[in-house]
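What follows is a set of structures for review.
The following pair of complexes shares a single chain, chain A, combined with chain B in the former and chain C in the latter.
Entry: the complex of A and B
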């Protein structure tokens, strides 16, 4: 099992944070900004698609999709923060993990740090370190050495 | 190890008196700085707003409350979960407007005003208007625009403290560039 990369968006579509661990293939888009826009646009579309096409009332809405190579896990807070974590296919439902990422890392090291401006890309080193540590210690992070 | 066991209860909780006195010091400093009561009210509201937009994240992370589907649910969550978590009181929700877009929060004892008496000539001071700002800021982050104001205040001789909340509109999620 492994974790590829993580995007955090705010409710205005600003990419607050991006980090990658085991990403082997890059999108080929020159600017990272463009990739963020594409990602946010796709998530936005999937969300509204899922809401419209659903035959009954949704509880959590869109939570993940899979391809033959990876799984894209999505979690949104009621305040509109979006956490997108790409993993390999063996990972189950990691809603709890993403919620903890929000409550134990984002809230603790960004919201409670008055020097971190909200709605701007996160620059705090403490946040980066804690996030990296948290994700690397997840059971789903275990990488095969090959 | 031993320090942990000595401390009782939730380590995040601090003495309510410390909080009340700190807030009192803040208000009296603002009164000194601005010499204009309306301006003090405005500043307190603004401070509250800035606190509210951060506090909501802490609230959502700790309470695991999902999105509310109507204003009644919102009012319940504010009173029973929000006020309880941050101020240790549970206000009564009442005085619904016929259209259901306005309600009041009745506070029997406002923890911010435990040791306060308004001096003569300061009768326009909305001592606790920071609460209005907090509510407005927090609700804005969950896509609700509201107006919040004080209707009654025990500090001004009323029987109870009443905060009025009026729902204005739902804020929509930002649409990514190039879509509609």
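Entry: the complex of A and C
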């Protein structure tokens, strides 16, 4: 099991934070900015797609998708903050992990830090360290031996 | 164990077959007194609930009828405008029927091509090399399973969360497609499938998958 990368977007589509751990392939897109836009656009479209195609009324809506190589886990807060964590396929439902990331890391070290401007990419080193520490200690973060 | 619907998408993203198998019908009828607690708005020529969920009426539901008269678009059967009827105090108490809007054929075509591009982006944004596109998409009420053949045709099945052995069903649908659509001399490739045998066999495969949930089809 392993964790590849994490995106945090705000409700306007600004990428607040991006970090990667065991990522092997970078999408052939030259600029990282463009990749953030593509990611946000995909999630935005999936959300509206799912809302429309769903046979019954949704509560939380879209939670994850899988391809043959990775799983993309999605969590959105009512304020529109989006957490996207890409993991390998053996990871189960990690909604609570993403919620912890929001309530214990984002709220504690960004919202409660008056020097962090909301709606702007996060520069706080404390946030970076705490987030990295939290993710590395997750049971799903076991670096592959091969 | 439920299978909701099946979509077949050609390699260009066009919808060539769609079948609704087991779609729950969501309808609520309620009598309201003046003033109406719900906020309604006009969206895509439909009257939609914008705010104020209560008693099974959810945001996003459309007005299906008023006082037994059914609605078509923004108007009632007798030609009255829905929003005007609801705004008029003289019409109260009023019985309004709400429900989840059904997908129109055009919307289905649009959603199919939308998934076609989401599938491609899912593979492009992969953090690992050699990834396929989206194979399973999960929400809190349904799952979408997609199988892309070597020739680029996508079979998409919407199921509930507990349905098992969908992989087997997808392979079976591909088999049914190759046997009864491709071998039909009147079927031209990449065009909508209108073959009776295809339809019959697809339905029986779905029913069997729903009954057993095991991959022995």
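Definition applied: the second predicted complex is superposed on the first by the 146 of 146 C-alpha atoms of A that agree within 3 Å, B and C clash if a C-alpha of one lies under 4 Å from a C-alpha of the other, contacts with A are read in each partner's own complex, and residues count from 1 in each chain.
Everything that follows uses one rule, which is that contacts are C-beta pairs under 8 Å (C-beta built on N, C-alpha and C of every residue); 3 or more make two chains touch, one makes a residue touch a chain.
Please read all numbers here as calculations on a predicted model, not as lab measurements.
Touch criterion met: A:79 reaches chain B, while chain C stays clear of it. In the overlay built on the shared chain, the residue A:35 is in contact with chain C alone; chain B does not reach it.
After superposition on the shared chain, chain A has more residues touched by C, the comparison being chain B against chain C.
Look at A:106: by the touch rule set out above, it reaches chain B but stays clear of chain C. Contacts of A:4 after superposition: chain C is touched, whereas chain B is not reached. Once chain A of one complex is fitted onto chain A of the other, the partner contacts of A:45 extend to both chain B and chain C. The intersection of chain A residues touching chain B with those touching chain C, taken from the two complexes, comprises 41, 45. For chain A in complex with chain C, the touching residues are 4-5, 20, 22-25, 27-28, 35, 38-39, 41-42, 45-46, 49-70, 72, 86, 88. The part of chain C that touches chain A in the complex is made up of residues 4-5, 23-24, 26, 58, 60, 100, 103, 107, 111, 114-115, 117-118, 121-142, 144, 158.
Chain contact summary for the complex, chain A toward chain B: residues 11-13, 37, 40-41, 44-45, 77-81, 99, 102-104, 106-107, 111-112, 118. For chain B in complex with chain A, the touching residues are 53-54, 56-58, 60-62, 64-67, 141-143, 173-179.
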